[in-house]
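Got some structures for you, see below.
First subunit A sits with subunit B, and in the next complex the same chain sits with subunit C.
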Partner chain A sequence: MAAASLFGADRRLCSADILAPDEVRARIEVAVLNFLTALTSPTSPAISVLPLISRTSANCSLRSGLLNDVSSVYLSYAFSKRSLMRESNAVAFVRVWKVMEMCYKILGEGKLVNQRELFYKLLSDSRKYFSCQRHVNRAIQDVVSLLRCTRQSLGVMASSRGALIGRLVLHEPDEEQIDCSILGASGHAITGDLKVLRKLNLSSDARYIIVVEKDAIFQRLAEDRLYNQLPCILITAKGYPDIATRFILHRLSQTFPNMLIFTLVDWNPAGLAILCTYKYGSISMGLESYRYACNVKWLGLRGDDLQLIPQNAFQELKPRDLQIAKSLMSSKFLQESHRAELTMMVDTGKRAEIEALYSYGFDFLGKYITRKIVQGDYI
Partner chain B sequence: MSESPCRLTVSVKRPAEPASPSQLRVSVSDTGMGSKLEEFQELNVLARETPVEKWDGTLLITTTGINDDAIYRYRFNLQEEISSARFTKLATTYKSHAQFSGTEVCLCLSNEADADDFIMWLVGFFHKILVLRAANLACELFVEQIGNAESRSVCLPQDSDDVHHSVMSSNSDRLVSGLKDYALSHGNTCDKCDKCILNRDLLKTGIGAANNAQRRKAKGLHVEVVLMIARKASDLSCWTVNCPFTQVLYFEDFVPCPISQSSFDVLVSIDWQSYGFKLKGGFIDDEGNAVLEWDNISFARVDIAIHTYLECAMLERQGSQQDRHFVRKALKSALCHLKADHAGDFLSCHGQRVLEYVPDLAESIAGLILSSTDKEFQDECITLLGLGSDQDISEGLVQSSMCEKMVSIIELNDTKENVEDNAPYLFECERLDEDSQLDEDWDEDMVFDF
Partner chain C sequence: MAGKEKRRNAAALDGDEQRLRRKQEETALLLRRIKGFVRWVVEEVAAGRSPSIVIHRYRNYCSAADSASPSPCSCSYDAPVGTDVLSLLHKDSQTSRLNVLLRVLLVVQQLLQQNKHCSKRDIYYMYPSIFVEVAVVDRAINDICILFKCSRHNLNVVGTTSILLMGWIRFVEGEKNVNCMKNVNAASSIPVSIEAIKDLVSVAHYILVVEKETVFQRLANDKFCERNRCIVITGRGYPDIPTRRFLRYLVEQLHLPVYCLVDSDPYGFDILATYKFGSLQLAYDANLLRVPDVRWLGVFTSDFEDFCLPACCLLPLSAEDRRKAESIIARCYLHKEAPEWRSELEAMLQKGVKFEIEALSARSISFLSDKYIPQKIKQGRHL
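The block that comes next holds the complex of A and B.
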């Protein structure tokens, strides 16, 4: 286990570059030429092996920022091989090439497609290799690991599920301004196109950003216009955070460094995992996601709040919850206070949802949030 | 084996009416060097095992050596307890001036329902002997009805249009020829199949031999293995194809016999998959023949013959350990021979599975190349592939060129060790840590990385 050190980690950080379409196409062309060179070598023809940066917990480490207290997970230079000759990964090998071919063409046409569209295209062309979305997503990440460029550079974006609302004005160049405090309860949908998000002008007088796990809670708080009582911006990814939501959150944190960022998640291992993803990044997209780690704080639900929850609102932890808990426990990055919360979850064997607070009335949630922030009750 | 040509004749005379109680007369005669009476004592055990109703234990022996003046006749009764009293000398005939040698043994088997079974077995046994095509030996089998010389129901061998072997042909060449005919007549289940005969040359042969003759203290054990494969149905071009079973022909000292356990163990334990065969299982049938069953057979027919013999007939056999070693060596050698001669046809099962991906991979890369607007890149690719830049390059052409090259690499490296470790990487890696296999079940929803 590599210890995090203040002056950069012991192992070198491996990163995916943000590249222009031509540069990515050039990398793909190099890949093809290398492949053909090895294939047609007069002395020792061979079918090349693909070296992919390992996206495993063994290859990840934690680094702390020098000038801020943002830590992130990053991947280093350990590789795993994809070889046509090895039966277990021959299919994955071919998938990588199929995705590269597709991306090459997409970039050539100057397009940007989302993962779902790509899946349908691949499904119709190569049903033998791609029978579900997961195959496509994984193959894309393999190409990211191979070419060391971001997913969006490949011409693929993930459709974002994110939304935000509150005291924020968005201004896309050459577009109208969007005042996010006067929107309907579903808020402003966050686009999956990172390029657009990058160009957004942001202005805000909020003091807090509240990241909400679930859409229902987001909408409740939006309808109640919490941001008129508390100067804040509400943001949600409706579950596990996607890159675009994390990206905009990161931009907000960069643009407004004094804003505090709180998360509001259910009291269960999955909630904590979501928090950790915002906080440190992810391994599966480790080559790019380290850039968007934010210093988020855990507002609720937490162990201290359990006294507020009626007994019958507690549920049993399911096997999947325990699996997640186990994985989190063994991670290198969990801070002590979070670990203590997790231990409590596992020990009691219970979980609780934020909605449980509605037993005190629908406006209780807003008051609860405000009180916690004012009292500085977060970890 | 004999140094001078010799004929072996087996004749079976069955009674005129099938239902009649009279006996089956069997006679085995040869033009060899004459027999010593002691040789027949070995049949003692056989006599005791056979019920008296079937065979009364009596043999009529006629024999003469080349230098003998007379032809000696004996009755030999194996049921007789006292070994010295077994022989009864019968009338002797004197040769005039002719010089010859040989032996004839006659016996009578009672004609219970077994006659047809016996004849069928005998025919099968004879067919096997004929597979060996032993040097200097002509074998004949006649089955006829008593008193009716025209009614020969079986006469072997039939006219064959096969190669006549010179005296100098090796045992294994003869065995190859015999096995080929055997395969073409579908294991002798029918008379020569006219269609298949035409495809003689499409059969693929693998020959392997092992012996310890080099070692000075050797006992001269030789093992020869011949494999005869019909690759596709079209190789045989008749309806009896894709036979999933192989009945292994096993010979010890030029005689067909039940397979030894050690040889059977070798057959079922050898790594067939490396040569593209998928063995489902094997068993030994009632007659002591090894039968191999193939899974999802990609070959129309597989025939195997194993022959182990001692160089000098007087030597004793060593233990089965040695046999096993040499049989394995010979079988492996035969398989390697097949693979060396017909590379693409005997690709290992693993290689075949890899091959399935090649067309799609080639299609993908070809599509990529041809979709490019960068002429320089395209030209470089086409040059690397060795395709002329003056012709119209189609995606299909690029794809097939790549396929060809990948297939030849796969065939070349099939079952070679350490190929993977030496395979080049697509990009240079700064520092390659130990190979960590990406687990296919790696993440479920890309959610829980920690």
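The block that comes next holds the complex of A and C.
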């Protein structure tokens, strides 16, 4: 991997544009016209091949910010081709066109759908090509790679899975203010509509943002009202982060550049993978996700916390964990300190969950977090 | 507002001060009874006797073994079906049950004396090594409720949850003004503690309860409440106690019909049944938490023919779905109180298919809000 200067990287960076419905429809029309032109060419008619930006690790690189500490993974201009002529590819080829057709109609109506609704529409329209949700999701990403526009621009809403709570006041224009410090333990649900998130006004006096992997821990800290003792905002995506949660986290980091962002994950390869997604972005949605990379730090659980965990709380690493560890090890973006932690996990063959800290009492978790932040114990 | 619309005001039976005074009296009474109970336990132990406490067992439904001709079972909402005896000296699981009960009672007494509230998870974390898990605390709270013949919120054990709500309603909760009528298409995610609600006003004609948050989102995006005078609420899956209490409170105060929209699959049906009959874990409180007049609006497998939906949108029932459906069908309250619901569930099992609400978008994206719900309500096609 060649070291990328800021400007050099940007030349190679391929990105998905955020477009208005009319422009996306125009791009779809252009794609159709190109296809028809090739098909009806008088000299050499051909069924064109669809050039999709390749979403593999071979096509991804890391770029580092010059003026800030944010690095992100991005995709370059390598293409994987979907062709009707290749047997293995033919169905995928047709799926791309079917999804484009459906999105064209949806955008024409000025509506937004979620992926499940799109699945049913495609199922009723072309049952032969779509038999499960996975086919639809992959085909949507193919269309994103082809037209180079974001998924939301196509009219497909993200899921709303994340929640946040803490010292933050949200204000949608023309709506009531939402004070996130007086909510119940489930917090404020983050909407999947990125347009709405973009228009939110944010005001806060917090000093830290704590990203929590699991919902149960988030609710525990919310019930304890950790943000009344420590000036912070708590946020969770309940597992692997979705675009909406990463979007709002990024907006928070832009609006409040002096706020430090910490993650609280379990000590296992999946936890580290979640941290890396927040930090660098993902390859599968590589055309959009680089925008929302944030400089997050690993607060816990880490190797030197293991002495706090009782022996019987450790579990064995499963084959799936080892798979994730292997792919993280071979990635280009893992920083040294994180790599050392991952090596420790694999060498000891063990994993531990944050809940193991509850054996010290119900308020230990809050104290643990506060102590680590105050002592600057994060990597 | 047009003169024809009736403003449904909250029943003005309880003024603010009256409610507060009543609460204080109830609390004082409960504290006296707790003291009396503990004194009795101490006296028993001092006299060398093992105190035995009899707790009624409540069951609001059972699974009749023979569904063809169900023998009359004794399940009911009001009467106990049996008793459990708790004692300190018996060497079985009941010993620790009394121990747990006394510990929780201690916490409850402190809450009542200091006029504080907490959730059962908070109580669990006070002595996690003794309680082992939150379900144990849950059972102790149940036992206390049965023993003292009161409800959970009398013990100041509450959970504040965020209910997702939109539509033609407004009320004041404590210090806060919740006015959904200003923008009926916006969802309010509000923490609601029932005790603090007053000035409830609504011009809605009905309440719509939806199972899933995604369906709620769809109705919001389609501006459903602009064209339909109603209140839309979601429990986001299996409804928790505050959501059920809030729904019951709305029904008691506003006297509006309640329609429930769930997926046509065993889990959707289970959620529907929880709203109507209550859950087994909270059998004692079921009478206070259930909304017996809930109407099942849909979706039904018969809908997809009536509304000309493509057959491919029906998905097959998995083995797990079948097991769940069979266990629900065996529940006695379906025989006694809702035989039509039972036949619908049987038809689902027989055809072996399930059907999600999102499938309606195969007709058109806004089919749910534009045609399905308004038509079904107007034509009264619900169970």
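In the analysis below, the second predicted complex is superposed on the first by the 372 of 379 C-alpha atoms of A that agree within 3 Å, B and C clash if a C-alpha of one lies under 4 Å from a C-alpha of the other, contacts with A are read in each partner's own complex, and residues count from 1 in each chain.
As a working rule, a contact is a pair of C-beta atoms (placed from the backbone, for glycine too) under 8 Å apart; a residue touches a chain by one contact, two chains touch by 3 or more.
Predicted, not measured: the structure shown is a model, and the values here were computed from it.
Trainee: May I ask you to decide whether A:Leu183 touches subunit B, subunit C, both, or neither, giving the answer as first, second, both or neither?
Mentor: Touch partner of A:Leu183: subunit C, not subunit B.
Trainee: After the superposition on A, what does A:Val113 contact: first (subunit B), second (subunit C), both or neither?
Mentor: After superposing on A, A:Val113 lies in contact with subunit C but is clear of subunit B.
Trainee: Under the stated touch criterion, which partner chain does A:Ser124 make contact with: subunit B (first), subunit C (second), both, or neither?
Mentor: A:Ser124 contacts subunit C only, not subunit B.
Trainee: Just to be sure I read the superposition right, which of the two partners does A:Ala273 touch: subunit B = first, subunit C = second, or both, or neither?
Mentor: first
Trainee: Quick one: classify A:Val91 as touching subunit B (first), subunit C (second), both or neither.
Mentor: In the superposed model, A:Val91 contacts subunit B only, not subunit C.
Trainee: Applying the document's definition of touching, compare subunit B and subunit C: which contacts more of subunit A?
Mentor: Touched residues of subunit A are more numerous for B.
Trainee: Would you sort A:Asp304 into first (subunit B), second (subunit C), both or neither based on which partner it touches?
Mentor: A:Asp304: touches no partner chain.
Trainee: Please indicate which partner A:Tyr358 is in contact with in the superposed arrangement: first for subunit B, second for subunit C, both, or neither.
Mentor: second
Trainee: Following superposition on chain A, which residues of subunit A contact subunit B and also contact subunit C?
Mentor: Looking at subunit A, the two contact sets are disjoint.
Trainee: Given the complex with subunit B, which residues does subunit A contribute to the contact?
Mentor: Residues of subunit A touching subunit B: 25, 28-40, 45-52, 54-59, 73, 77-94, 97-98, 100-101, 104-105, 108, 126, 128-129, 137-138, 146, 240, 270, 273, 276-277, 282-285, 323-324, 327-328, 330-331, 333-334.
Trainee: Of all residues in subunit B, which touch subunit A in the complex?
Mentor: Of all residues in subunit B, those touching subunit A are 350, 353-354, 357, 360-361, 364-365, 367-369, 371-374, 377, 380-381, 384-386, 402, 405-406, 408-410, 412-413, 419-420, 422-427, 429-433, 435-438, 440, 442-443, 445-450.
Trainee: Can you name the residues of subunit A that touch subunit C in the complex?
Mentor: Subunit A reaches subunit C through residues 106, 109, 111-114, 116-117, 119-121, 123-125, 127, 157, 159-160, 174-176, 178, 182-189, 191-192, 220, 223, 358-359, 361-363.
Trainee: Can you tell me which positions in subunit C touch subunit A when the two form their complex?
Mentor: Contacts found on subunit C: 119, 121-122, 124-126, 128, 159-162, 164, 182-183, 186, 188-189, 191, 213-214, 217-218, 221, 309-310, 312-313, 356, 358-362, 365-366.
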